[in-house]
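Have a look at this one before I ask anything.
As written, the chain order gives the labels A, B, C, D and E, with residue 1 at the start of each chain.
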Amino acid sequence: MIPEQFFILATLLFSIGLVGVVSRRNLFIVYLSIELMLSSVNLLLVTFSRLDQSMNGTVMALLLIAIIAAEAAIFLAVIIQLYRSKRSLDSDKFSQLTQNKGQL
Amino acid sequence: MILLSFIVLIPFLSALILGVIYLYDPNKPREKLYATIGVTAPAISATIALVIEAKLLSMDASTVFHYTLFEWIHIGKFQIELAFMADRLTAVMLFFITFIGTLIHLYASGYMKGDSGYGKFFSYFNLFMGSMLLLVLADNPIIMFIGWELVGLSSYLLISFYHQEYANVTAGNKAFILNRIGDFGFIIGLVVLFISLEGYGYTFEAIEANIGLIDHPTLTIIAILLFVGAMGKSAQIPLFVWLPDAMAGPTPVSALIHAATMVTAGVYMVARFSFLYNDTPDIGEFIAIIGASTALLGAIIASFQNDIKKILAYSTMSQLGYMFIAVGLGAYSSGIFHVFTHAFFKALLFMGAGAIIIALHHEQNIYKMGSLKNKLPWVFIPMLIATLAISGIPPFAGFFSKDAILITAYSSEHYTIWAMGTITAFLTAYYMFRLLFVVFLAPSIRDHKVEPLANSMIVPLIILAVGSATAGLLGIPEALGGSNLFASFVALPDKPLHILHSTEYYLSALNVALALLGTALAYKLFVRRIHEPLNNSVWRYVVVNKFYIDEIYTFFIVKPLLLLSKFLLYFVDGKIINNIINLTVYSYARMGITFASFQNGKVRYYAFYILVGVSFISTSMLILLGGF
Amino acid sequence: MLENSIFAILSLFLVLGSLGMISFKHTIFSAFSFLLAMLALAGLFALLENSFLFLAQIMVSVGAVVVLGLMVVISLGSIEKNIPDEPYKFYWIGISTILVIPLALLIYKALTSLHAHFQETKEGYGELKYVGEKLFAEWVLPFEAVSVLLLSAMVGAIVIARKEEYFKKENYFDDHKQPEDTK
Amino acid sequence: MESLLLSAIIFIPFFTALIASILRLSYTKLRSFSIASSLIVFGLVLFLAMQYDPHGGMQFVRTVDWIKNYGISYHLGVDTLSLVLLLLVSLLMPLLYLYMWHENRKGYWYNMLLLQSGITGTILSLDLILFYLFWEMMLLPIYIMIGRYGNGKRQYNANKLLLMTMLGSMSMLFSILYLGYTHFEVNGFWTYSFEDLSVLTFTPSIAIWVASGFLLAFAIKIPLFGFHTWMAPAYGSSPTPAVVILSAIMAKLGIYGIWRFGYTLFEEILVRYSYHIIILALIGLVYYAIVAITQSSLRRMFAYASGSHLSLITLGLFFANIYSWGGSLYFIITHALASAGIFLMIGLLYKRTNTIRIKDLGGIASQAPLFAVFFTFFALSIAGVPGTGGFVAELLIIIGAFKYDLWIGIATASTMLLAMLYTFWMLQRTLFGAVGLATQGFKDLSKKEIVMLLPLTILLLITGIAPSLFIPFIEPWITITLETISQNIGGL
Amino acid sequence: MFALIEQFYIILPMTIVLIGAFTLMILSHNKSFELKHFNLVAVLFLTIALAIVMIQFGNIPKGYLFEDIIGKVFIVDDFALLFDIMSITGVILTLLINTDYFHSRSYFNGEYFALLLFSLFGMILLAHAHELVTAFIGLEIASLSIYALVGYHKNNHVSSEAMMKYLVLGSMTGAFFILGTALIYGVVGSTTLNDIATYTNGHNNEESILIIVGATLIMVTILFKIGAVPFHGWVIDVYEGSPFPITMFMASTFKIAIFAIALRLYLIDFVSLHGQWNFILQTITILTLLGGSWLAITQSSIKRMLAGSSIVHGGYMLIAITSVGAGSQIAVPAIMFYLIAYFLSAVGAFGILSYISASGIKQLTYEDFKGFSERRPYLAIFMSIFMLSLAGFPSTIGFLGKFYIFTAGVESEQFLLVGLGITTAFISIYYYFKLIAMMYFYPKNEPQTPIRYTFSSALIVLMAILIIWGGIGSSLIPFIPSADALIDIAKGAINSIG
């Protein structure tokens, strides 16, 4: 078991999360992808914590989990609110804020 | 000699006063006042001029009077004073300008009676007098140029005096613009002259003293450019087309400006720069050729005109050609002499024509006149004398002056010029007598009701008739037993003539014979009938329409210029330059619109842009850190 | 060796779970994949001998976040017809995968520059006690700040999610025209 | 007292506007305020001119630190060049207020007051940043006046003017920044005083960029050929006071800029590349004049005429000898007077007939001789007929041109011909001929209007008849400046 | 090291803000309180906090809070205090200028003010943070509150939509920050800026790769918050979708807070690594300037235009940041000055917009402003002043801001960027003056509706006066600080870091 394995895994997770955010229209999945990105950082932090044997990384990971939770709260509230307004979680349907054609 | 400045300033002052009075209430009739002021001013000038001439006569030939009014400008080495100078050449000009000018003013006070612009007319007229005197009295070229331009301006104002008629204004414009073309050459010449003599002073005397410092090519350029100015002012080929049109002005204007004074300014100027033209004989020859051609052309056209004033106008042009033959060939005093005599008889002719026009209620076509001899005897007799004078019948004035010019041409071996001059002399007699016979002797088609003429119109005619008859006696050449008083008085640097007296006799006789021949031809053709004798042929059309020169100018110069203007406006300005800018703006806006269309409101696209950005940053970071 | 096998299995679950999460059409499937991934992650924490975080991950991430999320999804009645149709999903995934490669390479390159190795853990590593010591000494400020964060998030979430009586006042002006429901 | 004189001249109109706007005066009171302020300023400027010593270089200099961190100072001073422009502005303003007598839109008055402050500030500031500040500030009132009180496609044209001018300003700003920075690099402290900056030397390749930054701004303001697309539309759409200021003063500020800053900051470049600019200005001279011939509206026609003459002034500037400089400075005076006169008269014409299309006019002379006389006079002085100041100026510039080069001299002199073409054709169609539809019942000038035009007329006549009254005033400055330049670059 | 009582004194403003937030949160459930009371309470707390910070500014030596316990996590210096002042002032102004707006909209209630204060707390934390995780938490507090505020108008679809966009993108980029932090932690073993700086000074580039990469990822978040292209997608939509007060708050105050951390990181943490980012920053600056102006010129709504233009203003500040990297000495004060300049102008412009829309007029597009000068001549003048300042017209503070920035650019020989900056400033003339043109050049197309002159309008006047003062100063009039004052303050604050 070498750190590189964890590094690769964290990088992979972060990338997958990023891909998910960009490519999915389902807002819930977007939310999950962001969680995944944050969690991958968690993995990294824990790995570092294990590497340097101090608890700092663990504490940071803990704080990060709290942050994830806070974001989750807001995110879920937003999802509820959005679903109420349009009966859908399709992010493409929320595109009224645009000026279809630029003009001078 | 503060009097010198008075000569110039009084007409200007009077013009200003008249203008202000007129503008104060344009509609109020104040003819007496206007006439008094308007005629008095040139009369005072004339009196002062006589005093000065008397003084000059009493002193020796090189005497020059100077008076500096004030320094006009002084910057760097360009120091010009508003100064006046009177030498003998000036005196001659001064004499006939003020004298004949006063007479014409007097005449005009009668001629313009009842015109709503009476005050305005005299204001302009006095303005013209002032400008002309400024031109003549100037002691340096720049002041002369100012007078030169102002003369043109007042001529413009007077030609378009009846400005309600569009055609009159057009004529005025034409006159001014063609004059300005001449002035363009003139001022360039003057400036080149100044640059060449920078620092040596810029009065005529200083220039004359230092003329040797200029190299010959430059001098040639200057000479040509100055002559271009003369061409414009004196209606020489190719700038002559304005003169006939200028007849749109009131007849006194034609008499004063376009016959007696302004048009001869070119001749005066060349004579003033005689020291320069003596150094450039080639240019002199060129001037003479232009003069001869103009003389001939004017005479030919004059022979076919119907309008009495147009005939006189072309005649003027033709006579001006003579003068340029003289000054071009270095016979400056002969040229000036012809200017002098021509002023008398041409003014007289115009005033007579004006009298007829007034008498016949503004009828100008000679074929609608006829048999006026008895109705207007006091016009007929002066006109007859003037016609004799212009045709070169001895002993009237024109004979001596014209003869002198032709003899000069012959003796300097310019035979072509001489031949042209001689033919012109024949034609002159023909068309002048044609005019006289048709107007006064030929049977009239209808019965004219003749308007009575004011005395103020008749008296000047008579005075001028006397002048026309006798002025030539001042310049009887040696060959005819005289001593050419005139030439010795003006004391210009004439080129010496080498010619036998016998030759002179032959030439004179030939001239007189030709003049008589012309007279006879006119008599035969016109004394009994009042219509054009020739058939309608192409050639006649060409001549009657003045060789279509106006049209050619319009087609080749005016039209293209207007087209160019439109082209520049609509194409270069409107399309090219505007479009370059608009295209820049448009393409930027287009980019903006394209870019803004990425802003499509969908969040995953925005995330995608962020991803692109991150990807870009990562790539460049990777490269920076030396690749993976 | 055992560790490596466990790692292999857990990471397989983790990766498969996350890949499933981003590729399933149905929200529920995605959520369950994600749950799987999170559990696997907790397992990895355990593998890293971090017992406290193992518990925390399961409790917070799995227990709270995912389950709460699932509950929300279910309560919203996210049934078939409301699931967005994503015809170009895999194109998008493909393109973004290509774009994400430099980032992944960069991060990985940076991480490998550490040349680190796992050593035997010290006594008590990963225990709650040490975490607490750190948390309430060095990290007390961030910790307190996180509490504010949670509080503000809570307030925000409540404000957003609660249904409330609008039009309290008569002079009501809207910022925008009410847009049409769908385009 | 004397140290505050220049500031007072700049800011009196500004504070008049400020106080009036705070007091919310009615337009009649605002009018009295404005006229009073303009007369006070005129009085102060006359006082200044009397105290001024033509041989003394920069005078009444006042320097106050403004932004110390960057060495920017409130730095004013006056020399002949600025005094000439200052006199013109302060003279024109009361006349314009007289023209605006019955104007009841208050914004008009405010904008004019601000405009005066902006222009005087531009003329008097010696610090580049201060100059830039005023340079922009004077643009704003003009922009508002055209866009708000103009006619035709006023909004579009105002924007065009604004954007074109700002383009130039921005490039100038870049050059200013570069100059300031270079000074900092070389001497270790920041300054934007143009006297300090003028000692900087650059390699030619850099200097040409710096110079072109400035030149673009000035070329657009003048406008030289190619930079003129804003000109005719803006002139056409402007209300009369704005167009008077535009042509009489603001266009000259482009010239002023080149003269003041160009010939001190990068004289070498200007002299070296004078030939190129001369060619450009010559093209403009001829081009504008030809385009002017067939213009259908009086304002547009005189806009092009103005462009042509400003190209001539520019030419005079770049011939860089005493005659041409004298001529240019003199032409600044006379052209300001004449174009102010002509545009004022066009304004009067518009008030009477509601049109400035040449086609609709005609026959004015027979109904309103006084109007015709003044109109003709101003037109003639624009065309440079002797007896008016324009002739003297043109003559001097032409002499300068011939001193520079024969062929360029001939091309320059062509202005005499071309000006005549459009002027006289315009006069013919406007004043003469039969009475047009629009000109029926054309009223002659009223007393107030005569009072307004008379100072211009008299000054034009005096400048034409006795230039020697003015030349000694401007010549020393020109001589000194030319000598300085020729020393700096080792001979012109 | 501070004495204990000093430490409480130092932490007092922050605590007051937090207590204010709690108070408002609790009060919001009491039905007997009305909106104006909440407003008053909030302003009261903030004013006290501001007063204390003002007293502290310049009078407290640089130090760390509870250094003995928590290490160098919470820094107190003039730099942070200056940002405190600006943020608190920003919130106070947001509250006061929008008073009318709050009253005209039914959806505002007590929590709104609580959230604003929470957000402010986050910003203060951000300004003082000397440690990356704390900074991230501060950022998250501020951001999460703002997410909620953006979507505050719940029965409005666009408001929710804007919130969703901001939330998704903000959280996504937030992950980069924490990832960067993790990477830095991985190599340094600590996340306080001091340790990081020590590490970077002591190690070569090869060993600092993780720090470089980590800092780059943190930069992504900062660039996102500034709205640099291509991280700009949210800006226009979110600005448009939010209620006016929030737009104003985001455009002015929040942006300042972001720069607080950005400058601190850039000046201390990564000081030896500047050169690494030059190419990236230059490219992004160019894109931002161009893209922002492209977006701004094409909008027809004033709010969207201001949003687009705020991207451009971010671009100007990026020029200065790039200049810092290229070795400019004057760039950082220039950024601080520019922040103040932009803050004043943006607050003024949005303030007027919200003031107008408070009376129910939908003054949202250019068209709506036609004839505005006739209806409301004074407001039109002030709007023009704000537009001029945003456009960088001389004699306004906006000009000096641009002047300093461009000077900094020239000083570090970033001629391309400065040229582009000036070009975009020129283009910005178009869209700012378009509004002036609309107000002045067109006749009114709507009947006049009365607008009451209230406290908000007085503040707008104050903004305008400040803008003019900031642009001209008062070289002639004594007793009033000159235009130098602000830049001197900025310089002092920067020096306090070093």
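Rule of thumb we're sticking to: contacts are C-beta pairs under 8 Å (C-beta built on N, C-alpha and C of every residue); 3 or more make two chains touch, one makes a residue touch a chain.
Because the structure is a prediction, the values reported are computed rather than measured.
Fewest steps needed to get from subunit A to subunit D, stepping only to touching chains, is 2.
Common neighbours of subunit D and subunit E, by the contact definition above: B. When the interfaces A-B and A-E are ranked by how many C-beta pairs touch across them, A-E comes first.
In this assembly, B is the chain whose CA centroid lies farthest from the centroid of subunit E. Think of the whole protein's Cα atoms as having one middle point; the chain whose own Cα middle lies nearest to it is D. Across the assembly, the mean Cα position most removed from that of subunit D is the one of C. Per-chain CA centroids place subunit B at a distance of 37 Å from subunit D. Note on chain placement: the centre of subunit C and the centre of subunit E lie 30 Å apart, centres being C-alpha means.
Subunit A and subunit C, compared by their mean Cα positions, are separated by 5 Å.
One inter-chain figure worth recording: subunit B and subunit C are separated by 101 Å, centre to centre, where each centre is the mean of the chain's CA atoms.
Residue numbers of subunit E whose C-beta contacts span two or more other chains: 133, 137, 140, 144, 147-148, 151, 154-155, 157-158, 163-165, 168, 172, 179, 183, 186, 209, 212-213, 216, 236-237, 297-299. Along subunit C, residues 92, 96, 100-101, 103, 106-107, 109, 111, 114, 138-139, 142, 146, 149, 152-153, 156-158, 160, 179 each make contact with two or more other chains. The set of subunit D residues that touch two or more partner chains is empty.
All chain pairs in contact, by the document's touch criterion: A-B, A-C, A-E, B-C, B-D, B-E, C-E, D-E. Residue ranges on subunit E touching subunit C, taken from their complex, read 18, 21, 25, 65-66, 69-71, 73-74, 104-107, 111-112, 114-115, 118-119, 121-122, 125, 131, 133-134, 137-138, 140-141, 144-145, 147-148, 151-159, 163, 179, 183, 186-187, 206-207, 209-210, 212-214, 216, 243-244, 357-358, 360.
Note for the complex: subunit A touches subunit E at residues 14, 17-18, 21, 27, 30-31, 34, 37-38, 40-41, 44-45, 48, 51-52, 54, 56-57, 60, 63-64, 67, 70-71, 74-75, 78, 81-82, 85-86, 91, 94-99, 102-104.
If you check the complex, the residues on subunit B that touch subunit D are 19, 22-23, 26, 70-76, 78, 120, 142, 145-146, 149-150, 153, 156, 160, 163-166, 169-170, 172-173, 176-177, 180-181, 183-184, 187-188, 191-192, 194-195, 198, 561-562, 564-566, 568-569, 572-573, 577-578, 581. If you check the complex, the residues on subunit C that touch subunit A are 3-4, 7, 11, 14-15, 18-19, 21-22, 24, 27, 30-31, 34, 37-38, 41, 44-45, 47-50, 52-53, 56-57, 60-61, 64-65, 68-69, 72-73, 76, 78, 82-84, 86, 89, 92-93, 95-97, 100-101, 103-104, 107-108, 111-112, 114, 116-119, 121-122, 125-126, 130-131, 133-135, 138-139, 142-143, 146, 149-150, 152-154, 156-158, 160-161, 179, 181-183. Subunit C contributes residues 106-107, 109-111, 113-114, 137-142, 145-146, 148-149, 151-153, 155-160, 164, 166-169, 171-176, 178-179 to its touches with subunit E in the complex.
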